[in-house]
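Got some structures for you, see below.
Each of the next two complexes has subunit A plus one more chain, namely subunit B in the first and subunit C in the second.
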Partner chain A sequence: MRRYFGRKLLVYGLTFLVAVTVNWMIPRFMPGDPVQSMIARANVSQPAAVEAMRAHYTSLFGFDLPLWKQYANFWAALFRGDLGISVWLFPTPVTDVIVRAVPYTLALLVPAILLSWWAGNRFGAFAARRRWLENTALPVGYVLTATPYMWLAILMAWGLGVVAGIFPVAGGYGFALRPGWSAEFLGSLALHWVLPFLSLFLVAFGGWAIGMRNMIIYELEADYANYLAALGAPRRLIRRYAFRNAVLPQITGLALQLGVLVAGALVTEIVFSYPGLGHLILQAIQNQDFFLLQGTFLFIVVGVLIANFVIDVVYVLVDPRIRTGMGGEAA
Partner chain B sequence: MNREALHFAVRNGKLLVGLAVLLPLLALALLGPALAEGDPNAYVGTPAQAPSGEYWFGTTMFGQDVFAQFVYGLRVTFLVGLLGGGLAALIGMAVGFTAGYRGGLVDEVLNMLTNIVLVLPALAVLLVVNAYLGVRSVSVQALFIGLTSWPWAARAIRAQTFSLRSRDFVDLARLSGVRTWKIITREIAPNMSSYLFMTFILLFGGSVLIAASLDFIGLGPTQGVSLGLMLNNAARWSALHLGMWWWFIPPGAGITVIVGALYVMNVGLDEVFNPRLREL
Partner chain C sequence: MALRVNDLRVHYRTLKGEVKALDGVTFEVGDGEILGLAGESGCGKTTLGKSLIRMDGRMRHAGGTAELDGAELPIGDDRAMDRFRFREVSIIPQYAMSAMNPTRKIGRMVDELLRARGAEPDGAELRRRLDLVELPHTVLERYPIELSGGMKQRMVMVISTLLDPSLLIADEITSALDVSTQKAVARTLTEFRERGFVRSMVFITHDISLTYQIADTIMVMYAGKLAEKAPADTIVTRPRHPYTRLLISSLPEVGVRYSDRRLSGIPGSPPALLDPPAGCRFRDRCPLAFDRCAEEPPAVEVAPGHHVSCWRS
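The block that comes next holds the complex of A and B.
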């Protein structure tokens, strides 16, 4: 088990290293000049002002130092929690901007991931080998997984928000309210949460249901299932055993799907102008705010790494083969 | 593909349904631009018109023909899938075959590399890369999508190669002094060609979805039109609130139908190639 966690942590550590290095390299080695585009955005014409701005931004990125020193400084700043100053919300530090947005993204993502995984697995296991359900629900599942997250979000916002008028379609809470612990604010928060959550949930649900259905059919054909059936075990019991075996690959699948789910949350937030990380990314891109964009990138990477680790721990709890050092699928 | 597979292929409902949906769309993407001539972004008609005989899918808020944009966008979508998915498949095959066949230290190193790219959230990397690109084109977008989306394919191919490498016919080839590269291309790859093809289909679908997200966030190709860019424009100019459903339904439906048809086809192919899954 120590070997299992050791390997995992090594991969995550290296991934973080790669992410930070990529983050550092992109502004320096990509075609295009970030300083130039930031100046262009400010729209000043006086040559003296342009020169001053160029000098300012160049020193902000640290472009005037030798490369190795730039790289060392980048890491040093990172460990101080300093990701630079946001250009869009000047002069707020990027870290502050992101920390304010993270709760919204987490509040959408965590319930959507967990509930869709749970419900999708349950439903997929239930639908397997039930002809009428397989013929009706599976095609729907395939359409759902193929749906781009933002499109389902747009359809929901349009159908349930604009046309039916049941839910609000923009923002994280009513525009007239100030964030606080009042009942009115919390109610508005909940109401604004429903549609983004639902559209994330539905797309993910389709994928889990199909995955589980395929896994459980595979398990139901395995020798142990046939043996149980030959012994005269009730179908429910056989299905329960099959389900427990089929869930393991689904846990691995959850780790593999994390990146896609996070991406889905980002575009969903953009559709609903939900004040989470997706909204920040949109603003950062529209305002050429590279520090904010790169800070958000690092936050997402760290979040995904932590989530991966949590899934690894869960896997160990669920799969006894890893605990006893016998290997198993994820080792 | 042998005759037995063909026999089951033409009788497989899922495969046929997938093809029946996909081929007309492909034809539309290839031939459509000939029908809807001219610049798809040109301002041709009255703004914000609902679908009519003249403009089948209506017009945008600026009087652009939504149908023309849709047809050109389809073409871009297929292109991104082909290039991005193709590149990812190539990298995945190169890494998977090498790691699976060689084993040992090479396998360790490649496996580590695969795992690192696997946990990095692809869209987040693509966001940063594309934001810094001043001029963005479809092929560069596909290039970066290919570079970030290969890991699961490499893993899957590695596992398959692993199971094939100790078979007798591979040993025989090795004993007769065939070079490694030839063993992989002549002995191993043909024995999992169906698997490779299905991997490519899934990578194709994945590339289409990722490209759509990038375009929607506003990091699509700087010139031209794509289905994701159409969604981006519709959302940006509040087509939702204006009730211009003809602006945002076709592009999203196009993506969904293409990717959905690919997934269904994939299941169909699985049944064709895997005797255990065939419904008789």
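The block that comes next holds the complex of A and C.
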């Protein structure tokens, strides 16, 4: 068990290292000059003032140091939780900008991922080998998963938002409101949350349902299912076993899909102008805010790695085959 | 008579048509009798075994009946068969290695299975039977992957017979085992019968010499039909059907030491069962074939309990 997790942690550590390095490299070797864009935004026309500003910003961001030093500083800053200063919202620290956006993204992602996984698996298992459902719901599921997030999100915004007028289509809360704990604000928050959540949920739901249905059919053809059926075990018992065994690979699937789901959430946020991390990324790109971009990516990478690790742990807890396999290794 | 099978026909539905894997087979198995079912690959042994307990989705009951202890088995009706399964007819599957749910502890799985069948689990009895097959009681606390192949095999034998079925079907259960384990399994099966865990048994195998060790009666099938059925001794020492004779003569020293010897060495191959030719199905390979064999030979009782389907018998 110890060795298994040791190895896993090592892999995650290496991934983190590579991610940070790539993250550090990208803005530095990308076209575009953040300092230049700051100066342009400041709208100063005197050449002397421009020069002074350039010197100031360059040293502030550390661009005048040798590359290795920049890299070392980057790591040092990272451990202090310092991701630099946002150019877009100068002079707010990037960490603060991210911390403000994170609750929105989490409030979208966590329920969407968990609920779609749970409901999709339940539904897929239920639909498996029930002909009328397989003939009706399955094609719908295929369409849902094949639809790009963007499309579905836009369609929903148009249908339920613009045409039916039930839900607002943009923002995290009403423009006129100030964030707080008032009932009005919370209600507006919930209302704005529905469409982005639903679009994410639906697409993922279809995928899980189809995957589960196929897994269940596979399990129902497994030897143990045939043996139980030959001994006259009721369908209920066989299906229960099949479900439990089919859920295990779906947990791995969840780990694999996590990145895709996060990416989907980012797109959704952009479509609905939802003030989460995806929205930040869009703003960072539009404003050539490299630090913000860097910080956001880093944050996402770390989040995905942590989530993957949690899934690894869960998997070991629920699959006796892995658990006993590791027991043998340790003994 | 425990089992009475009458003109049973079971076909496989395929895209090209129906494969007549079991094409009118009639036989009986007495109380306490172990019937060995032999014949080369593809002759319909598994099809017969499955028909008696659970047909798969591609099989179709095309005719005939099977009667167990006087009650007709609804073999074409999957739901109606449930009542008979496990309690009246049970099976030790060929795939004993993977027959148990890998993610349940064995004891718990047995418990759940029994309860689902409306039987009260009897722990003491279960442990007695584990002792009998020399399995430690702790296997109940383990997952199937923690057992060796031989242990799994014995565990499945115990599970299958837990409700003391009247008829047990054992399909090719020794094929994957080494010779000494094969013998142990065969001994266990006879012991199960002696102790009344099962009343009668259909023991399916390629291996006629292993069959000879445990079977009271041997039935030889050929291409979906019965070729010959007789007491084990008679089949081995005085076979009447040319096919049985070839099978027996291909064994070096019957039933004694060469129990891992498989049926082989008869030139030619059996006819396709999709559209079998009229007349005796062994005709193409039979050294004794003559004009009359263009007509199908009926199964005739040439001596008490000795049935042969051959014009020359």
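One rule holds in what follows: the second predicted complex is superposed on the first by the 289 of 331 C-alpha atoms of A that agree within 3 Å, B and C clash if a C-alpha of one lies under 4 Å from a C-alpha of the other, contacts with A are read in each partner's own complex, and residues count from 1 in each chain.
The working rule: a contact is a pair of C-beta atoms (placed from the backbone, for glycine too) under 8 Å apart; a residue touches a chain by one contact, two chains touch by 3 or more.
Predicted model, so just to flag it, every value in this text is computed and none were measured.
Colleague: Between subunit B and subunit C, which one contacts more residues of subunit A in the superposed model?
Modeller: B
Colleague: Have a look at where A:Ala263 lands relative to subunit B and subunit C in the superposition and call it first, second, both or neither.
Modeller: Only subunit B is touched by A:Ala263; subunit C is not.
Colleague: Contact-wise, after the overlay, does A:Val271 reach subunit B, subunit C, both or neither (first, second, both, neither)?
Modeller: A:Val271 sits against subunit B, while subunit C stays out of touch.
Colleague: Once chain A of both complexes is superposed, is A:Ala55 in touch with subunit B (first), subunit C (second), both, or neither?
Modeller: A:Ala55: touches no partner chain.
Colleague: Name the contact category of A:Val143: first (subunit B only), second (subunit C only), both, or neither.
Modeller: In the superposition, A:Val143 touches subunit B alone.
Colleague: According to the stated criteria, A:Ala190 is in contact with first (subunit B), second (subunit C), both, or neither; which is it?
Modeller: Neither partner.
Colleague: Tell me which partner A:Pro320 touches in the superposition: subunit B (first), subunit C (second), both or neither.
Modeller: In the superposition, A:Pro320 contacts subunit C only.
Colleague: Have a look at where A:Val18 lands relative to subunit B and subunit C in the superposition and call it first, second, both or neither.
Modeller: First partner only, subunit B.
Colleague: For subunit A, which residues lie in the overlap of the subunit B contacts and the subunit C contacts?
Modeller: In subunit A, nothing is touched by subunit B and also by subunit C.
Colleague: How about subunit B: which of its residues touch subunit A in the complex?
Modeller: 112, 115-116, 118-125, 127-129, 131-135, 152, 205, 209-210, 212-213, 216-219, 228, 231, 234-235, 240-241, 243, 245, 248-249, 251-253, 255-260, 262-264, 267, 276
Colleague: Can you name the residues of subunit A that touch subunit C in the complex?
Modeller: 222-224, 226-234, 236-237, 241, 244-245, 248, 319-321, 324-325
Colleague: Along subunit C, where are the residues that touch subunit A in the complex?
Modeller: My answer: residues 53-54, 81-87, 90-91, 93, 95, 98-105, 112-113, 116-117, 143, 145-146, 156, 159-160.
Colleague: Write out the stretch or stretches of subunit A touching subunit B in their complex.
Modeller: 10-12, 14-15, 18-19, 22-23, 26-27, 30-34, 37, 139, 142-143, 145-152, 154-155, 157-158, 161-163, 169, 221, 255-256, 258-260, 262-263, 266-267, 270-271, 281-282, 284-286, 290, 293-294, 296-297, 300-301, 304-305, 308
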